[in-house]
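Worksheet: one structure, shown below.
In this document, chain identifiers A, B and C correspond to the written order of the chains, with residue numbering beginning at 1 in each.
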């Protein structure tokens, strides 16, 4: 199962590196969102710095959504889904592999966006440990839920509109949690942030279990 | 009142041409009676409350609606689980019917909550923990219903919907927990009866509200289930005739 | 608190109470009605022996 996961993740990431869609389109989009926030909330009023945690995670969610849409678009095209199903790989392995590749792409996005907010919004970064823990746990939560709902929406004509509708309400606790944790870290009160890291860990754990059990039936005849 | 609740009465002639049956007819009559009792006690006989004055009367429909929106959500999750486990179409349709009715009751909860908030807090919406979780529940249910609405084979649609439906319960729990933590930092008033002295006729009115609204819920889920079941049959027959037509064409050409 | 003040407050909240109850009762009635109408329309297309309730 873990071997299968590794295979799938490597295949997806290789595909992303070769096609450069993530690099040429998703990353610029993420930076664009940061700039748009600056246009919307006048940079001189200090709102940007104050709102950094929220803006950062909204940017992650929106640009991450694009990456997840792609993760299943590449499968649905050319009937690769059938090939995957017939490949004999364990469905749980496929789920974990897809999750891993989405998580890696999200992490890259998050690092770039982090540099982006530090430079563009002038946010001073403190509380490294909590920030890193939040990023790791939130990434796990977003990528597990994103992969599961991604396959629910995969191959449908309405997938582009269905995935955000399904996923964003579900990810609301992650947005609340990661934003609060970032706020706690940046304001120098990390102890307030750790319960949120705990909540997001529970979320990620629920979705790992749901994905492992749910992917089998979903792959069967979707 | 009679025009508003024409539905249950409309099902009265339970011939072979409707979703009504003897059981649902009796249930419908009992429901109508309970709704009448609710109006009598909730709007006329029960007194106004000291702090909320007459706004407390909104609670008699608001609290039961909120409870049933969660009950419907649980029913959907149970239906989805049994469907995935046993491949039972019956349970799949139970999940569908209760999700739709739950969405209706969630809408009632939100609207009545806002109508309660305006005279009590002075605004329609506050980011109160319960109100916010209810709004999130609405969005989750709309997501589920969107999956039910996709144009795809029955198997594909039911399976995907079941996964989403099964996850409704953990999602609702996590959302509630996070919203609660998020809001307790700010200490906003909560839409509840805790501040009010609920006793005597007021308590009885709330109790009647629970009974009447629960009966309505059951009646609606049964009928919605039957509509969904009939839709299935029509779809299946439509498919059969389509296949037959296609075959006939094939023979001709 | 004087009686007139209580009365003023009471009349102030009644429209909200009426609106809330109208939404719930009207909504349930409309949904029930729509469901029954849909059911009747669909029943015509399904042969009686396939219906499992009587």
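Here is the rule we go by: a residue touches a chain if its C-beta (ideal position, glycine included) is under 8 Å from a C-beta of that chain, and two chains touch if they have at least 3 such contacts.
Quantities reported herein were computed from a predicted structural model and do not represent experimental measurements.
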Discussion item. By raw count of C-beta pairs in contact, what's the busiest chain pair here?
Written reply: B-C
Worksheet item: Could you name the chain whose CA centroid falls nearest to the centroid of all protein CA atoms?
Response: B
Response to the item:
The chain whose C-alpha centroid lies farthest from that of subunit C is chain A
Worksheet item: Taking each chain's centre as its mean C-alpha position, how far apart are subunit B and subunit C in Å?
Response: 12
Worksheet item: Distance from the CA centroid of subunit A to that of subunit B, rounded to the nearest Å?
Response: 32
Item to complete: Please compute the C-alpha centroid of subunit A, do the same for subunit C, then give the distance between them in whole Å.
Response: 42
Response to the item:
Note: subunit B residues in touch with at least two other chains are none
Fill in: Of subunit C, residues touching subunit B in the complex
6, 9-10, 12-14, 16-17, 19-21, 23-29, 31-33, 35-36, 38-40, 42-46, 48, 50-54
Response to the item:
The residues of subunit B that touch subunit C in their complex are 1, 3-8, 10-11, 14, 16-23, 35, 39, 42-43, 48, 52-55, 57-58, 61-62, 65, 101, 104, 107-108, 111-112, 115-116, 118-119, 213, 216, 219-220, 223-224, 226-227, 229-231, 233-234, 237
Response to the item:
In the complex, the residues of subunit A that touch subunit B are 148-149, 152, 156-158, 162, 165-166, 169-170, 172-173, 176-177, 180, 195-196, 199, 202-203, 206, 210, 214, 217-218, 220-222
Worksheet, complete the sentence: subunit A partner, complex, touching residues on subunit B are 84, 136, 139-140, 142-143, 146-147, 150-152, 155-156, 159-160, 163-164, 166-167, 170-171, 174-175, 177-179, 181-182
